[in-house]
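Let me begin by handing over the structure; questions about it come next.
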Amino acid sequence: MTEHLPALQVIIPLLLAPVVFLFNHARLAWILSVLVSWVGLLISLSLLFAVNDGEVIRYEFGGWEAPYGIAYKVDRLNALVLLIVSAMAAVIFPFSWQAIQKEIPPSLHVIFYTALLLCLSGLLGMAITGDAFNLFVFIEISSLSTYTLISLGKDRRALTAAFQYLIMGTIGGTFILIGVGLLYILTGTLNMADLALRIGEYEAQESRTLQAAFAFLVVGIGLKLAMFPLHLWLPGAYANAPSVVSAFLAATATKVAVYALLRFLFTVFGADYTYDGMHIDYLFIPLALISILFASIVAIFQRGLKRMLAYSSVAQIGYMLLGIGLANESGLTAATLHLFNHALMKGALFLVVAMIFFRTGGTSMRYITGLGKEMPWTMAAFVVAGLSLIGVPLTVGFISKWYLILASIERGWWPITIVVLIGSLIAVVYIWRVVEAAYFKPRPENMPPVKEAPAGMLILTWILVAANIYFGVNASFTAGIAGAVAAELLGGGV
Amino acid sequence: MALIVDALSWALLIAGVVLGITGAIGTIRFPDFYTRVHASSVTDTLCALCIIAGLILQAGFTLVTVKLVFILLFLWYTSPVATHALVRAAHHMGLPPYLSNNASADAQKGKS
Amino acid sequence: MIESLINIILFTMLAATSLAVVRLHNLFAITMLFGVYSLLSAVIFVELDAVDVAFTEAAVGAGISTMLILSTLVITGHHEKNPKHGPWLPLVVVILTGAVLAWGTLDMPLFGSLDNPIHQHVAPRYIQDSPEEIGIPNMVTSVLASYRGYDTMGEVVVVFAALIGVLALIGINEKKCAKRQYSSDERPPRPVLQVMSKLLIPYIMLFALYVQFHGDFGPGGGFQAGVIFAAAIILYTLTFSLDDAFDLISPRVLRPLAAIGVLIYGGTGIVTMLLGGTFLNYSVLAGDPKSGQHYGILAIEFGVGLTVATVMMLIFYAFVSRGEKGKVE
Amino acid sequence: MNIDFVGLYNYWVVIFLMMVGFYTVIAYDNLVKKVVGLNIFQTAVFMMYISASKVDGGSVPIYSESIELYSNPLPHVLILTAIVVGVAITALALALIIRIKEAYGTINEDDIIRMDLEEDARRDKL
């Protein structure tokens, strides 16, 4: 059965979604989803270990060889992203049961889990496929289920947020479809590896059609990953979705989109064309710097905790784009590493938010005030994950920023270092606002007393918090993979 | 013989096209909803007959002929019903027909 | 020459229709014009040899989409407010983007030329070998169901995901109306419509079955068949009433069927895996690869048809019951 | 540069349609109209793929012994999938619009934004 692992990674959650819907029993749906997420984690771990020495696993659907049929191709980058998605699912799915009891009406629990499984399989399918059109199909599976999940939020704004995301996401998806179509018109193939081989001729000619395809793909994927001027959907969506959904999306969805960007820029178009032909660094570096500063500052002024973290996500995506823009191995290592690290910290932070909502019924500053004494473990988790977000040494956040600073110095652009540091300082400000409210202000009189969050939820959150510290202290495993991925991406080749 | 069939078929096709255009012009130019529906029904009936008959003559007697005849039958079956449903719905919504000169003001109001 | 002329005229008509859609303010009129736009697209698809696509566009764009927009308008009202801000900024953005794109097309491979790379690399294999390898004449069905069968499975899952979304958002209100079908003044009997649609519905269903099973030889397949089958039930609902339709096919029956359709598709893949092939490799289903392909395609097309038909009916039920009976309790 | 009008006309109309759809999405406030615009935008892309699949003198890609030249079947398959994705998105968007109408009483984006801002202002007073 081991040769089927790449297919099983996606197919198990994909087919369990209708099964869950068929049984129509909420608790069973949850148990099945949790089992699936754990099996998925095992599969992605074994895939990662299988490809860690540089081997590439291929899987051909329908038995048709690569350019004729659809093929999966797993290398280190795929395996890392698969691990991020399935690890986050493995923590967040068990967490979800208690969290949704207060946020989603019971009649919709089965539908919630069906949509969650579809979203998981969509993201996994995006991260593993080696076929450009298949990527589009899985983008749409994950997007449709994401719109559904966001609209389940309690406030009516969840509806408008979902609608706005639907419009922008569909435009993004259609742009990707146009980009893929133009590539197909030029080369006659849809397989990414095959595209990479056949595209060289047009790169040399400076074909306008190829440039258009490049632009469409960057803008389309940029919409999906909330690249700075295209990020407008993200704050509303994360702020109004049910907390578990925010946690899952913040930890995985944008990461997979960044992966898709890396795949197109480096595997399909190749590093030479991306940097020397299209000068993507001149686009990404300014955008990244603006988004780091702008989104971080906006985050300070947010009333709600979720909205604040959402803007912080936009800033963090800026760090990843900066890593890509710096165009050297350390920069790409930083970007790849930050995929993993940001998933850990944002996952932990949003789970804390979910616990606060679970106990207090709200997440704006009013509800957080004085919580330090009432929910000590929850707030402690927030502090540690917050330190990681700032980039304090011994946390994962520090490792990513370390590589970024290294990359900017290598490139000789030391002012960028200063911007990265300023970004961290602003992060200190917005994390401190929460800490100050929680620890140094008394609980308002009119708020009802609260208890500590349930042990099960706490344990799962602290697993992520512990991972923040573990991979911050011992970064050799993640940095090793990220470094190898960066070398592979820059070296071109498939 | 082939020439006669061809000529006949082209005559039918051209007649069909003329009827179709007549219907289209009527749909745009007639004064109110009910008369417009009346104009458009020309395209569903005689125009469709002429064009399909013309096509049958072009295709010769094969399986395609049978299919074309079926299309014509279903068209004749469904479009009067659809027109009926349309007009009936309009009538129930209270859209007054365009009658004589003193009623025309009301019709204009109903349309806008 | 005459072909290029037809092509240019049709495309120009399409552009004109799209402009008309944008400039109107009555949403009912916009919806109907959008249906016209879809039908016109379908005609263009036929003219460009894409008969399967034309079939789907006619059934989906002109049929289902228009239907859904109309049933939404029943709830939301159909008058558009005049926009308060001026159209200039978006217009400038759009014209600039369009100009850049048009500049980008100038070195595109020209329309219709056989030398284009798109016709050279992968496509000839499908055209030359698929009648031999798969054993069915319709190449679109071969590619859809076998070479790129995994994409089609994704497509079925997308349809299923849409159902999940619609059920999560508006649900289906199964509560019966208190016998108002034929007695009240606002909904008088409709003898002509009811008799005629009773006569028509069996033929529509028969045609759906024909499209389902004839998809190997001519245009058609599970998706189109599913939509046509759903259209029969939609016609019944419109001419009789939602309660009658619920009596005929209850949403409680349809919901599990929608999931089962996806599972039939995926299950076929699992079976091929267990028999030693890769996922969706139908060749292992029988001793002879060609008949294996045949069985596989039959099975998955059935799954597609089942899911699409049930999902379309359920989505329609959800929209109409929201309009007629209000919120789900 | 010598521009081939007939060979590129389809792509220009595709761009025109895309821009019409795009304009409808960004310039109008009515949510239903936005969805219609989105559909036009998507249909434009379908046209692009299908135009590229056509071979002059080619025939419908259904095998027959008397036919030599066929149009390319692969874009047809891709667009079948894309059409289905399009209708799925339309259904979901319309369901969202119904809920928005019930929650806000309007489907005009300007009004919705205004109501949200007013709500924010009320919450600030708390």
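Labels A, B, C and D are assigned to the chains in the order they are written; within every chain, residues are numbered from 1.
Going forward, contacts are C-beta pairs under 8 Å (C-beta built on N, C-alpha and C of every residue); 3 or more make two chains touch, one makes a residue touch a chain.
Model, not experiment: these values are computed from the prediction.
Which chain wins if you rank chains by how close their C-alpha centre is to the centre of all protein C-alpha atoms?
Located nearest the centre of all protein C-alpha atoms is chain D.
Would you kindly tell me how far, in whole Å, the mean C-alpha position of chain D lies from that of chain A?
The answer is 27 Å.
What whole-Å value do you get for the distance between chain B and chain D if each is reduced to the mean of its CA atoms?
The answer is 31 Å.
Calculate how many whole Å lie between the centre of chain C and the centre of chain D, each centre taken as the average of the chain's C-alpha atoms.
Centre separation, chain C to chain D: 14 Å.
If you look at chain C, which of its residues touch at least two other chains?
If we look for residues of chain C contacting two or more partner chains, we find 101, 105-106, 108-109, 116, 118-119, 122-123, 126, 148, 151, 154-155, 158, 161-162, 165, 169.
If a residue has to touch 2 or more other chains to count, which residues of chain B qualify?
Counting only residues that touch two or more other chains, chain B contributes none.
Send over the residues of chain D in touch with two or more other chains.
22, 52, 74-75, 78, 81, 85, 88-89, 92, 96-97, 99
Would you mind giving me the full set of chain pairs in touch?
Result of the pairwise touch check is A-C, A-D, B-C, C-D.
In the complex, go through chain B and note every residue touching chain C.
Contacts found on chain B: 74, 77-78, 81, 84-85, 88.
Considering the complex alone, what residue numbers of chain C touch chain B?
190, 192-193, 196-197, 199-200, 203
Touching chain C in the complex: which residues of chain D?
So the residues of chain D touching chain C come out as 1, 3-4, 6-13, 15-24, 26-30, 32-33, 35-37, 39-40, 43, 46-47, 50-56, 58-64, 69-81, 83-92, 94-99, 101-102, 107-108, 110.
Could you please specify the touching residues of chain C with respect to chain D in the complex?
3-4, 7-8, 11-12, 14-15, 18-19, 21-22, 27, 30-31, 34, 37-38, 41, 44-45, 48-53, 56-57, 60-61, 64-65, 68-69, 72-73, 75-77, 80-81, 83-84, 87, 90-91, 93-95, 97-98, 101-102, 105-106, 108-114, 116, 118-119, 122-123, 126-127, 130-131, 137-140, 142-144, 148, 151-152, 154-155, 158-159, 161-162, 165-166, 169-170, 217-219, 223, 315, 318-319, 322, 327
Touching chain A in the complex: which residues of chain C?
So the residues of chain C touching chain A come out as 101, 103-109, 116-123, 125-126, 146-151, 154-155, 157-158, 160-162, 164-165, 167-169, 255-256, 258-260, 262-263, 266-267, 269-270, 273, 277-283.
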